[in-house]
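Each structure below is given as structure tokens.
Next come two complexes, and both contain subunit A; in the first it sits with subunit B, in the second with subunit C.
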Partner chain A sequence: MKIFKFFITRIFFRKILIVISVLLLFFLSDYIVFTTARSTVSTFQGYNEMKSINQKGNYIANLDPNNSMDLGNIQKEDTQYIYDHLKAHNLKYAIFTDGLIIDLPNNYDMSVSFAYLNEDYYKLNKQFEISQGNELVFDYSLDSDDTEIPVLIGKGLSETYPLGSEIIVNEPALQKQVTLKVRGILKSNIYHSNMYSLNSKQYYNFSIVIPVNEDFLYSSDLGLQLQSLFDIILLQTSEQEIESLGEVLQNKLDLKFNFYTQEDNFEYYKEYYFHSLKIIGVITAILIFILTCLTVWNSLAGIRIMIKEFTINLFVGLSYSKLRKIFYGYYGIVFFINLIILFIITAFSRYGNWTRKDASFSTFGLFGIIGMDWLSLCPVLLFDIMIGVIIVEIMIWRIKKVPISLGVLQ
Partner chain B sequence: MKKSLFRFTDRFELFGFYALCFGLNIMFDHSKKTEIESDLLRSFLKQLYDHQEWIMLLLSSVVAINHYQMLKRKKTEIYCRVLVGDTIFSATVRYIAECLVILGMTVAIAMIISAVADICVINNIYLSFVFLLYILISSRMVSKLENI
Partner chain C sequence: MTNIIELAIQEKVYKNKRARLSILNNFNLEVNTGEMIAVVGKSGVGKSTLLNILGLLDRNYNGSYKLFGADANKLSLSQSAKWRNQKIGFVLQESALINSLSIEDNIKLPLLYKSPGDSQRSTDFENIVSTIGIEHILKKKPLECSGGEKSRVVFARAIIMNPQLILCDEPTASLDGENKERIISLLFKMNQEFNTTIITVTHDQEVADRHKRIILLERRM
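Our next item is the complex of A and B:
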């Protein structure tokens, strides 16, 4: 320990420029590895979520990108006609839509968003797991004046609205006052990935999940009905039914929809995402290779400058194995500092969502750091260990090449 | 040239580091301009070029180390030159001039590439100033090496 302290304070820290440069280069490598790992983890999380939706026999709707959108001409009767068509043809469908924001008092002073889903979507996508209370039920009625809708709420709202409490709100989709009864509380950091951008997701810590049944859908305004159609998932149906629905959508709404099968979607994900991940992998590999070469060069430059100190110590009895241990200890400290800096930067960016009151991205955890971040720090740690071993062995090899007598004379 | 502190490998190393920094800077600027269809790739690259200035600054530290370690190695040579009649002032001027020539060459190449690829040169100019600062700071080291 004494000799280690001596090396750190009297040799390495005397060449502070070299120490800082090695630290910065390692930090840059760690940041790139962390960014790549987090993008990959986030994409795979989104991919796993989509896998539950993208089952055989399901068709996922997507508005044709070349479609000239003129939503101003669409009336509620038109969208209602579509839902009537779905009912008449016994077509089962899953809908999920979110984004409607309301002002609801809560302990964190966040704006609250509403997420709407129907029973088929709830069964299909098991993303909305609860930590307290009961699962959603969809058999409520909107007929009576004192309508009570059972809802799930995000963890951030659970302190203000505990299980069983009632929230009276002016429901934006129904455009009337309703009572929401808290039936369950979502687990913390429940997310939903964007179907067309798997790595981007939003969190439901400050959301209210509203079960949509037929009554609700038919009573809701044009906005919810139309938005639900944009990403509608047709379940266990045939090509003919889809073609006929496509024609109805085209005639009634003047919107061209594409319906993608399981094979189409998997092919898209394979071509689009795995190809992108491959490019990201190549970019990361090139940058890491360059940075590693620079770090090795930097460390060897440090050896060149400090060779006298090393050889004098070897001359007076320090063994190469002890020197190797000192180097490992030194790089261990460097990696530890880097991981702490990386942790602080990640925490700062996560915590920024809380200070900006960005409800969709505010997450619970140590300073807002979530599982995905911890998981991405693991490859960084592995990378550091691997690079540390390479650099230390190269440094020892370089020192061994210099005869002790020559080194002392320098 | 005869009295230069630089050997061929020193010049080559310094040129290589400048070229690497400018090369990466140009690549960042080029990728910003390129239309990338993939959201995933775009968001990944955004995380990098949102911090481009910091990344380049961190990377440029290798140039600072290059100056530092070269001058550390040359301290005996500088001392000997002063012993045989050279002045520390002229050694410093020669050092600055030679660094500026190498930097100037790299900047010229970087500017030509940027112009051909129609890339904004402002980041290259910033980077040149950073390197200029390193040269001026390291030149102070030359005078300090007079007494060993």
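Our next item is the complex of A and C:
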């Protein structure tokens, strides 16, 4: 230990420029590995989530990008007509929409968002897992004034609104005061991925998940009805039914919708996401290769600069095996510092969501760091170990190649 | 008197893609404990190579080498390092100091590699620096010292572990008369007081003549 301490404090850290450049190069490599790993993990999470939706006979609506949007002309009668059409034709559909924000007192002083889903969506997408209480039920009625709507709430709200408690709110979609009864509490860091951008997701720690039944949907305002149509998923239906629905949507709302099948979506994912992932992977590999070469070169340059110090130490009793251990220890410290910096940057980013009161991205964990982040640090660690072994062995080989001799010192 | 060195080199070869150089052909050397030997010869005959071999720094040659009664070629690299720390002292040229360390730390460098369990006859640091006359520069860095001072520091480092064998490589090469005399006196003192075996490679005939035995290395054509 005293030899290691001596080398770290009296030899390596005296060449501060070399230490900084090594740290910087390793950090760049580590950061690229980390962000690539995290993006890949996040994409696969989204892909797995969408796999449950992309079943045979399901069609996902997507607003045609060439629409000249004039939503101002759409009336509630128009959207209601669409839902009536769906009912009349016995079309099963799954809807999910979120983003409506209300101010609701809570321990974290966060704004609370409402997420709406119907029973078919709830059965289709199993993302909203609960940690306490019971699953959502959809058989409530809005007929009476004292109706309670059973809801699931995010982990962050559970301290203020424990299981069984009642929340009286001015419901933004119904635009009236209702009582929400906490039926279940979501597991922490429950997320929902964007259907078309698989690595984007938002978290539901400060959300209230509202079950939407027919009664609720028909009583809700134009906003919820229209927004639900934008990403509506038609279930176990046929192309003819979809074409017919497309025409109704066009006629009533003057909006062209495209409906994609499971195959279309997988093709889309393949074409855009996996292709993009491959390109990112190749670019990352090239960048990492270049950075690794630079790091090896930098380390060897450091050896050349410090060869006199090493040689003198080898003269007076240092062995190659001890020197190897010193190098491993040195790079262990460098990697540890890098991992700490990565951790701090990630924590800063995650914790920033809390300080900005960004309810959709605030996550629970050490400084808000979630499983995906920890998982992405593993490839970084593996990468560091691999590169560390390569560099140390090359350095020892290089030092042995220049035998310790009087000639080196002359 | 016992032999501490029994060296028999058939050949030591340096080669690269274009040339092959063979030196120290059929070279034999036996050294008794307490001998003081000077090795002289023209540049390129293998004087430094001989010191590298004797100091367990180079084992890439054809031949056999017994040091302190053991087969030196069978020592592991770690054992060789330990012997260099405990049994062999190197008196190198003045430049062989670590500039980022103080003079005191440079002298004490071999103590860093001394294991707690080692039975070691290391000498008293204060005694060494006062004998060599470098107390006043202990806190300085090598770049702040004169050539003569640095040579004495190198010498102090070589004897801090009180080695049985001291190998000197041109110890007086860049020194003036006074400093040269100081270093030679210190070598003699070590030899007389501790019966330390000393082998000195030198170009300086005057220094060589002060030794009891002189080995002339020549290249065989």
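We adopt the following convention: the second predicted complex is superposed on the first by the 405 of 410 C-alpha atoms of A that agree within 3 Å, B and C clash if a C-alpha of one lies under 4 Å from a C-alpha of the other, contacts with A are read in each partner's own complex, and residues count from 1 in each chain.
Throughout what follows, a contact is a pair of C-beta atoms (placed from the backbone, for glycine too) under 8 Å apart; a residue touches a chain by one contact, two chains touch by 3 or more.
Quick caveat, the model's predicted, so the values are computed rather than measured.
Peer 1: Check subunit A with both subunit B and subunit C modelled on it and let me know: fit or clash.
Peer 2: Partners fit side by side after overlay.
Peer 1: So, A:I11: does it touch subunit B (first), subunit C (second), both, or neither?
Peer 2: Only subunit C is touched by A:I11; subunit B is not.
Peer 1: Once the shared chain is lined up, is A:G57 touching subunit B (first), subunit C (second), both, or neither of them?
Peer 2: In the superposed model, A:G57 contacts neither subunit B nor subunit C.
Peer 1: When the two structures are overlaid on chain A, which partner does A:G281 contact: first (subunit B), second (subunit C), both, or neither?
Peer 2: In the superposition, A:G281 contacts neither subunit B nor subunit C.
Peer 1: As a test of reading the superposition: which chain, subunit B or subunit C, is in touch with more residues of subunit A?
Peer 2: Greater contact footprint in residues on subunit A: B.
Peer 1: Have a look at where A:F315 lands relative to subunit B and subunit C in the superposition and call it first, second, both or neither.
Peer 2: A:F315 contacts subunit C only, not subunit B.
Peer 1: Touching A:A301, do we find subunit B (first), subunit C (second), both, or neither?
Peer 2: first
Peer 1: Who does A:P162 touch here: subunit B (first), subunit C (second), both, or neither?
Peer 2: neither
Peer 1: Give the angle at the C-alpha centre of subunit A formed by the C-alpha centres of subunit B and subunit C in the superposed arrangement, rounded to the nearest 10 degrees.
Peer 2: The C-alpha centres give an angle of about 40 degrees at subunit A.
Peer 1: How many Å separate the nearest C-alpha atoms of subunit B and subunit C in the overlaid structures?
Peer 2: Value for subunit B versus subunit C, nearest C-alpha atoms: 6 Å.
Peer 1: What part of subunit A is shared between its subunit B contacts and its subunit C contacts?
Peer 2: Common interface on subunit A, subunit B vs subunit C: nothing in common.
Peer 1: Okay, in this complex, where on subunit A does subunit B touch?
Peer 2: Checking each residue of subunit A against subunit B gives 17-18, 20-21, 24-25, 27-28, 32, 35-36, 39, 43, 196-200, 272-273, 275-277, 279-280, 283, 290-291, 294, 297-298, 301-302, 304-305.
Peer 1: Would you mind writing out the residues of subunit B in touch with subunit A in their complex?
Peer 2: Within the complex, subunit B touches subunit A at residues 20, 24, 38-41, 43-45, 47-48, 55, 58-59, 61-62, 64-66, 68-69, 72-73.
Peer 1: Which residues, counting only subunit C, touch subunit A once they are in their complex?
Peer 2: Residues of subunit C touching subunit A: 48, 51-52, 55, 57-58, 60, 77-78, 80-82, 84-86, 90, 92-93, 95-98, 100-101, 105, 109-110, 112-114, 157, 169.
Peer 1: Going by the contact rule set out above, which residues of subunit A touch subunit C in the complex?
Peer 2: On the subunit A side, the touching residues are 2-3, 6, 10-11, 14, 308-309, 312-322, 403-407, 409-410.
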